[in-house]
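You will see subunit A twice below: alongside subunit B first, and alongside subunit C after that.
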Partner chain A sequence: MIRILRDFTKRIFGQLFRGRKQVKLGLYGPPNSGKTTLANRICKDWLGEELGSASKIPHETREVQVKEAVKIKSKGKELNFNVVDTPGIATKIDYEDFMKHKMKPQDAKKRAKEATRGVIEAIKWLDNVDAVLVVLDATENPYSQVNITIVGNLAARKIPVMVVANKIDLKKAKIKKVEAAFPQYDVVGISAENGKNMEEFYESLFRLVNKR
Partner chain B sequence: MITLQFLPYGEIESLSSAQRITKLLELIQQDKVVLLQGRLKPDEEAKLIQETMELISDNFKGMELCTIYPEEKNLQFFKKMRRGMTKFLLGNREGITIIGPSSVVKDIKRDPNKIELFTVAPSLAKSGKTSAKKKRGK
Partner chain C sequence: MHQCVKCSEMYDDGAMEILKGCKCGGRFFFFMKKKDIDAVKEITVNLTPEAKEQLENDAMELVGQDKEELPVILDLESIRMNEPGKFEIDLIDLFNGKPLVFKLSEGKYIIDIVSTFDKDGDKR
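And then the complex of A and B:
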């Protein structure tokens, strides 16, 4: 009897504290897939303020940025998140690519150096997140090794993953191809820039967090 | 001229993860395209990317990496079990990993069933420019 009571109390209090705990939600993906735009969209929707600046030049986010205590509601439920926006993961960084965006050589080299540090930091953060959104540009080929490496590492660490096919407002977007590349994961198509399909995104996010 | 180096799984089998990564990075820094039998573990792939980032300079811009691996999702139970046992006993020898320096390999595009390797034209590779000559393989 005592044991039943003890287990019951433990379960109830465990659920209470679990509910209060802030979920560290990591946003991962290759450069320019729209991670910061999505983080900004989430923060703007629920806090009324943005997290960081987004740009068409790759590696705009070169440090991990965290927005704490983001309360998200969906279908009458509420969850607390720490939104962790990470630099894009790449296997190569060439400062000359930045010069194509009219950057001076010195600035381009500085950006490249910071970008390499950003990739290292993003990978280190894989051990600190509770759930991950893998943000992909739906107009690009989803079978890139960076995507496969990210998803493989998350699977090995048993971290719940949702694949976000971003930029579905663009004509070239192919969400079916993203779904075919990651059949074992929930894939949600959105446009972080104009807020398309965000309701379904939040519902899927709650399902993802409940998998933990 | 492109140098392709085949690396049988036996050559990395007894090495630690750190040693495997060092070996691969040494080869790609010699401008060689490595064809590795099997694949690295996910954490080794991540570590390889991290180490590559540490090495990036004006002369070394990084690498291209691609793994081809047989599909597992439609396998019958016994085939899956046999594959699992083989992996357990002999290591992850299935599939192939292609790794090349970005000064030689401009891009590796993968669709589920084919791989396209785009190389940088040799004259441009020396000057560090990235205009590419396309080379296709399966």
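And then the complex of A and C:
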């Protein structure tokens, strides 16, 4: 009898806290796909302030950045998120790529080292997220080693995933190609920079979180 | 005749390299008629590496393919440091939580013992 009562109480309280719990939402993807721009868009939409700085030079985000208690509303429902913006995941990091952006060799080498450390950190953080947005540049080939490895690993870990095809405002964007590459996932096309299609994005985000 | 866009090596018509790729790894060739070889060579020699890359990209775009990036698959190491500022990362090893093994050069490795015992990563 006591055990039944204890289990019942545990279940009720568990559900209550689960409802209130902050959802740790990780933003993952290759460098320069727009993770920080999307994180900034979300934070700006709901907190009125940005999270980090974005740049055209790859690997601008080299440390995991978290914005806590981001209350997002969609269709009358409200959820609390911790938005986790992660460094871009890459298989090759070459300081000469940074020098093409007029960076000095010493600074470029330092950036490459920090970016490599960032990749390791980003992957470690996967243990701490509840759901993941895989942010891809819709103008790039979706069948890359990085994209396939990220999505495949998330599936193996049973972490709910939504694919965000970013930069759909650009002429070269091919959202159909992204959809074809990841047919088993919800793919939402947006432009984080100019806020295009964010409403559908938030609706899909709520669907994703409810899958947990 | 066919000339590799990357290394300028010349191949006869029907050479295997044209199908399989040049020994330098290049997969694009300038086609030139034997009588025009000297004139065409002059044009290709004057092309900058950037212009050659642009040619390859344009050709790939025309046939509707993206430029292929070779996947990084490393041996024992999870991170290869080719020279200061140049890194190759085996993502599968990292995702699978394998210990960090850095390859500095042939036969020289650094193993991150802490990461070996801390498989759950930093609990935050």
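Rule of thumb we're sticking to: the second predicted complex is superposed on the first by the 198 of 212 C-alpha atoms of A that agree within 3 Å, B and C clash if a C-alpha of one lies under 4 Å from a C-alpha of the other, contacts with A are read in each partner's own complex, and residues count from 1 in each chain.
Rule of thumb we're sticking to: contacts are C-beta pairs under 8 Å (C-beta built on N, C-alpha and C of every residue); 3 or more make two chains touch, one makes a residue touch a chain.
All values derive from a computational prediction rather than experimental measurement.
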{"item": "Subunit A as common anchor, with subunit B and subunit C clashing or fitting", "value": "clash"}
{"item": "Contacts of A:54 with subunit B and subunit C, given as first, second, both or neither", "value": "neither"}
{"item": "Which superposed partner A:103 touches (first subunit B, second subunit C, both, neither)", "value": "neither"}
{"item": "Partner chain(s) touched by A:89 [first = subunit B, second = subunit C, both, neither]", "value": "both"}
{"item": "Touching partner for A:123 - first (subunit B), second (subunit C), both, neither", "value": "both"}
{"item": "Subunit B versus subunit C as contact partner of A:183, first or second or both or neither", "value": "first"}
{"item": "First (subunit B), second (subunit C), both or neither touched by A:145", "value": "both"}
{"item": "Subunit B versus subunit C as contact partner of A:155, first or second or both or neither", "value": "first"}
{"item": "38-46, 56-64 or 74-82: stretch of subunit C that collides with subunit B", "value": "74-82"}
{"item": "Doubly contacted subunit A residues - partners subunit C and subunit B", "value": "89-96, 109, 112-113, 116, 119-120, 123-124, 126, 141, 143-146, 149, 153"}
{"item": "Parts of subunit A lying in touch with subunit B, wherever the complex brings them together", "value": "89-97, 109, 112-113, 116-117, 119-120, 123-124, 126, 141, 143-146, 148-149, 152-153, 155-156, 180-181, 183-184"}
{"item": "Subunit C - residues contacting subunit A, complex", "value": "66-67, 69, 71-72, 79, 84-92, 94-95, 100, 120-124"}
{"item": "Interface residues, subunit B side, partner subunit A - complex", "value": "41-43, 45-46, 49-50, 52-54, 56, 58, 61-67, 73, 102, 108-112, 128, 130"}
{"item": "Interface residues, subunit A side, partner subunit C - complex", "value": "89-96, 105, 108-109, 112-113, 116, 119-120, 123-128, 140-141, 143-146, 149-150, 153"}
